[in-house]
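What follows is chain A paired twice: with chain B in the first complex and chain C in the second.
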Partner chain A sequence: MTTQNIPMPGSMDPMEQDFRPTPVPGDLTPYLIDTHIWTDEMLHQAGIPIYDTPFVTVGGGIGSFVTVDYLRICGVPASSLTVLTNLDVPWSSYEYLTRVSQIPRRERLRSDSASTPDNIWGFPSYAVREAFSAKSVKDFFSPLWNVLTEPILADYYTPKAGHAFESMEREYHRIGYAQCVRKGQVRMVRRRYGGGYFTILTPPAGAAPTRRIAYRSQFVHVAVGYPGLKLLPDLQRYRETHRDPSKVVNAYEPHEHVYEQLSRRPGTVMIRGGGIVASRVLQRLIDDRDRLGLQTRVLHVFRTYVTGSHGPSIFMRRKGGDGWAYQGFNYPKSVWGGQLKAKVRKLEGAERAEEYKLMGGTNTPVRKSWQEQLKRGRAQGWYQTLIGEIAELVPGPAQTVVAHVKAAQGYIQAQADFVIDCTGLEADIREHRLLADLLDHSGAGRNPSGRLDVERTFELRGTRSEPGRLYASGSATLGGYFPGVDTFLGLQIAAQEIADDLAALGFCARLGVGRSTKQWWLWARHRPI
Partner chain B sequence: MVPTLNGRIQTRIALLAVVGGLWTLLITPLLPDGAPLSASYRATFLVLLLVIVLGVLWELLYHFLQQFRWEKDWPTFFGLLTAINEGLLIWILIAVGVGPDVPGGSFLLHFISVWILTWLVANGPMRVPFIHWRFQGGRLI
Partner chain C sequence: MTAGHAGRHSAERAFDGVRATVHGGDHVVGRYPGALILIRRDSTTGSDRIPELLDICLTATSAAPRAPGRQLARRLTGWLSQAEDAPGFGTVAATEDGLAIFLYGEVTVEVPAEDLRLSGRTAAFSVDRLIDWPEGVLSLRADSSAPGSADLPEWFRFQLGVVTGSGATLHIDDASQVASAAGAPTAPPTDQGKARPPASPPQAEPLTGPQREEPEPDEEPETAIGGLAAAPPPPDPEVQGLEPAATPPPPAVFDQIHGVAPDEPQRPPLAVAFTAAPAATDRPGAPPTGFFPTPVPQEEGTVVLGFRCSREHLNDPRVSFCATCGIRMDQRTGVLVRGRRPPLGLIVLDTGSTFVLDDDYLLGRDPDHDGDVLAGRLRPLRLDDNSGTLSRAHVEIRLQEWDVTLVDRGSANGTYVAAPQQQAWVAVVPHQAFALTAGSQVGLGRRTFTFESPHGRL
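Coming up: the complex of A and B.
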């Protein structure tokens, strides 16, 4: 049984054949596939057309967007930047994942006020902008008071998902992003004999006369997001053995049918996981319970149950309780610019991996509304927790599912109408075809955490093709000198490092005091650049 | 901005010297201290210097306290609260005659306005000209 990935917008077709049995024009050849470094001649022979562009970014999600934004602000014209992607807009994939995991546009995200992917300066922050677009005095003061007193008197301020998307859309138009986009799936990036890289794009069927197109560029940036999100083996076994995809779901899959059925007849939901996704799903279940007067019961299975503050010393103690580990964002706040950023930047090898482990682990923010909901659930008995690991899922009586939970005191059986798995298991980078190709043919290697090994500049170590550079950012590079890579602000920090490196190479202007201030002023007046 | 020790000290000195200095230049003639302008300037700039010099010492303490925080951050709010202890210390120095000779009202007006202004600049506008600053723990060089 092969483990299955959860489908996402723009995810690759794993079955796609490298070459068709009957040759099609402009396709890859076994010779190309087996050769690490390509010449222009090899592509001519295969009939693959070559387009020249100075800079290619692969992925076209939020990582590509903030990088293009940065470079545009550093004076690179849109015509010099090429985005290769399957997505309609940079936030498509992100919006899909947030929506299915219960963050619709009106709900709040999990990043701070100054994590603004539409604005590289983080000023004015989302809280300030929310205040100034408020329609009432209360709505004016509330976000300001929130950022002022966070996280001491109030929970961290976080922006509404819709606010983030709308502001990105404005910036998308301002910088002329659409001009840079070429649609398709990127199969590989290879070094070019004589310098720079070839990026092979498979355009949508019928969109081009050849099956593949090559982009020849000096610089390439790879930001392909998650290599894949996996279903846990027991979930998949259940689905395959019992041919039932509806009762056992992962939170990153569309699962509205669960909430719909619960609104028609009472039921029990088993939740697995102690991260933010579990918090979201619980919120949705309890909001529905309150709003529609439902009788939903929740059984929450924790593998590790956190009872209170935890950590190796008084200087490293994270808050926790009722099963959860509490933390505002997915890493401690200072990884995006303070002490922890400075510290990890200096660490190598096992020491760095160890530091990641210390800061890591599943966690969720403390939010007053969530605390209140669960407290009520515990008091009224409809929210219960169980400590252990689900070993097997089998069909139970009357359309239910029975989980065999391995607990400290032995196996326990628990029954529910639905199981929502809220653990996010990321696939190995090798499962992403483009990343596997980088490992096998382009000299890329793994960092101490097993992902792509990048320099402090986000150059992919081992892939240099002078005078070209190959960069990577986002989740595929987690484990590097900067821990926060898979976040809005982290992707912007990576973009800054990349832009600084490119400025040193003479590709763009350095963002010094004068240029930065002038560009901000253009941004503030929404002037196109 | 989430500070490192070095960043705290650099930001403190730069912001107080530049923003605080310009503000002191502007506001001193308006202070109700009844003294000749040159004496007023001497007093307010001495207060500013004290805030900078003692501030560097305070920053060492804040950095130590920050170590007890899991996130190793320094909430925005703390940036306002610390005006109380720092202001009190300077006031005590003035009262015992170690600091410059300024009446209480003028001191309060000057100190609080400088504090709020630099705090506001540090929490937003500073990021506009210095785009690397917030990612380097507040370091400028």
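Coming up: the complex of A and C.
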């Protein structure tokens, strides 16, 4: 599958032209940029210093963290692992996005808690830990009762965001993660002639004598997450044309001023999207409405309006209603360890893409309190829905925004004080510079869902540089043999597959019963590895 | 909230889509979004009240352009109770499901098709009525004996503004209003429904009886009332005989729902939305949107050094996501470049008003007469505070590179800042810049505001 690409003269990415003049010592040269497989000599000639390390992980978020955690438990010393990142701590990007999308540390996450990123065994679970750290009898029994009776009597249990971050911080210190971190932006990963890879890092200005640094390693792991927020074209156009950042916002960016202003005077908010973030934003709006006695009105624009349960068969059905598609978590539970995991592992090409389409799509967990809020809103008339797509946003009278919504009946104008876009994060892997470079120069390809094509071991198909391996995990690999990669458990399962593959190659010890038990005991006693 | 999907009936009767024509004369006729006003200009009344009335119309229609009727009536009643020498005037304005008519003095409204005649003279104070959308035409007149505008060609159209005249006619059943908006060819002169064949010649005085009595093909008016159908070809009397055979089949369900004939050429509804609305804010005489204290600055703006995201938007070098498009800033190696600085956030006043920070401001009880404001270096932002603790020129908000800073002008009672999620207030040292972080609260006098920023940092 590996293809040897010979660069054509002049076949350069226009983005690379920034690097044409190279006045700074140790910078990339056009020759390097255009060459797919590098030799050590080429880097020497460019004046880029080379540092050797056995294993590099790029990204430094939760994907890198759980992979390093797994490898440390499998006996790899911290000095053999290098994390290249811009982030101060692994959860900083995740915490930022959850915080601005209305899940601060004290609120509960809305994703699956079957996995604990700080603990590869998942035992004891968040609920048990929460119970045993409780300061009252009620707080002790409440989480345990929840997990015993979910999802019939109670909603699915999820941990508080702060609980997840604090426990990760404990593990962060226990495994000596900080020793592995090198700060900077990773520009590219290229195969090395003779085996292994070069990872090019741009350290912070003034931190190194040269503009770039190369890490030469046998193994590279890429877990860079989403390239950014998804701001739809009409939203961007509004901001650029009217230079007004306040009226039209994305749910994943700071928008506290919306709630602030609504608490001071009545207003109408237009929500776009029907996923988890939309449900959280709605809950915040309605919580504020109830708590402060506000007169906030909500106009919810659905592109696809779900009217009831849907699915191809009685065994594959998803609840729905009032526009929403409901699911416990963003995937059916069985993708993490049940029949869907087994089924998708065997599917190829179009069949796999079709299966993803069936189980995926926009959905949100049912939460009783939030359902009650919306029901009340519908009955009292302050929550209304509209089916269509926003075609254009223009300023309206009296500090409002007028949205032109393309609906089945034609174009409808709707006026609101704020538009909150809850359509999610940017998913196109080419928007990420590092992933685009892997596609263009390192032999990586796309899977049937358009993201990075990985093997069952999460090795990036087509990029092998014997005896080295290039792995990828996280949202960039969605559509592979394992669904649910962009969840905590998905990241941990990817880390497990990678560790197993590396153990087979002799890089780390296999995690057998003895090692596992001993390591769990160390974890439970909070003893450093 | 004006969701605008209340139903086809109200959608087709959008007030601003109705063609209006002005009758010649010396009084004042004005049209605003959702409202029409006629003000008498007699020698007996001073003309100094006319701008006040026009201002009321502007304010009410800016606040609720789709249905300003009720609000306009409320404001007019309030104003009339204070204005002793008010001139005679009348307004016709849209409500959610009909029209609101307000008449004072010698002004009349006539709807001949429904035999409706209202006059301000018949009331001790004013006439204030809500009516359903009438059939035919509606005339607002200062002088009922003056000639109307019925015989004006269809391309006469009074859409927005203030002109002289003795009255105005709303051609409510004139379906060409939509056709012309859709760029269809103009039909020959008629102020009656486009579907109506010109079997009876246009009347000089249209107020003679219900127009429905005109002979008309079976289904045509139904389509026309749909309001969104394409304009028919110019009526040709010779073709009239063929009409029954050429009559289109009854409108399909598709037409009834969509209001669009299936074979209609591409309608340009978006083009209207794209061009009309932004133009309205750019036009110097347009009603102010009220967001910016002054119109959106068109000049180049402040140039600063920053990083560009992979989609070329300039950003604060410290942020993690582009404030314009949301892409992560690590998609491109950071190289400082010069560019126009985007707005640095906004302040939310305790009253709920917001101001986008695109320039330096001076806040206070009376900042307009400050030297820096008069010289154009600062924008004034006047705050009402009767407590006596707010200085005339109290504090400046200065944008320095990518930071928003406060500079207290040496105010008598000082300026205080509470950091995000903190209760404690910290006094700002006078004449020294104090950098604000997003979410900070600022207290000056008895007033407070919050600074918020879209520039997210991890």
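The working rule: the second predicted complex is superposed on the first by the 504 of 529 C-alpha atoms of A that agree within 3 Å, B and C clash if a C-alpha of one lies under 4 Å from a C-alpha of the other, contacts with A are read in each partner's own complex, and residues count from 1 in each chain.
Just so we're on the same page, a residue touches a chain if its C-beta (ideal position, glycine included) is under 8 Å from a C-beta of that chain, and two chains touch if they have at least 3 such contacts.
Predicted model, so just to flag it, every value in this text is computed and none were measured.
Overlay on chain A: chain B and chain C fit together in the combined arrangement. Greater residue coverage of chain A by touch, when chain B is weighed against chain C, goes to C. With both structures placed on the common chain, the touch criterion links A:48 to neither chain B nor chain C. Of the two partner chains, chain B is the only one that A:516 touches; chain C does not reach it. Seen from the C-alpha centre of chain A, the directions to the centres of chain B and chain C diverge by 130°, a value given as a multiple of 10 for the model superposed on chain A.
In the superposition on chain A, A:429 contacts neither chain B nor chain C. In the superposition on chain A, A:87 contacts chain C only, with no contact to chain B. When both complexes are overlaid on chain A, the residue A:496 reaches chain B alone and has no touch with chain C. When the two complexes are overlaid on their common chain A, residue A:384 makes contact with chain C while staying clear of chain B. When the shared chain is aligned, no partner comes close enough to touch A:472: not chain B, not chain C.
Measuring only between alpha carbons, the smallest separation of chain B from chain C in this overlay is 33 Å.
Applying the stated touch rule to the two superposed structures, the chain B and chain C interfaces on chain A have no residue in common.
Of all residues in chain B, only 1-4, 7, 66-68, 70-78, 80, 124-125, 127-132, 134-137 touch chain A in the complex they form. Touching chain C in their complex are the following residues of chain A: 15, 18, 86-88, 92-93, 96, 100, 185, 187, 202, 205, 226-231, 236, 239-246, 249-250, 252-257, 260-261, 264-265, 268, 297, 299, 384, 386, 391-392, 394-399, 402, 404, 407-416, 426, 431-433.
Contacts from chain C toward chain A in the complex involve residues 1-5, 8, 33, 61-66, 228, 257-260, 269-270, 273-274, 277-278, 281, 287, 289-291, 296, 310, 320-328, 330-335, 342-343, 345-346, 348-352, 354, 356, 358, 438-439, 450, 452-456, 458. Note for the complex: chain A touches chain B at residues 114, 120-125, 128, 147-153, 311, 314-319, 327-328, 332-334, 336-342, 493, 496, 511, 513, 516-517, 520.
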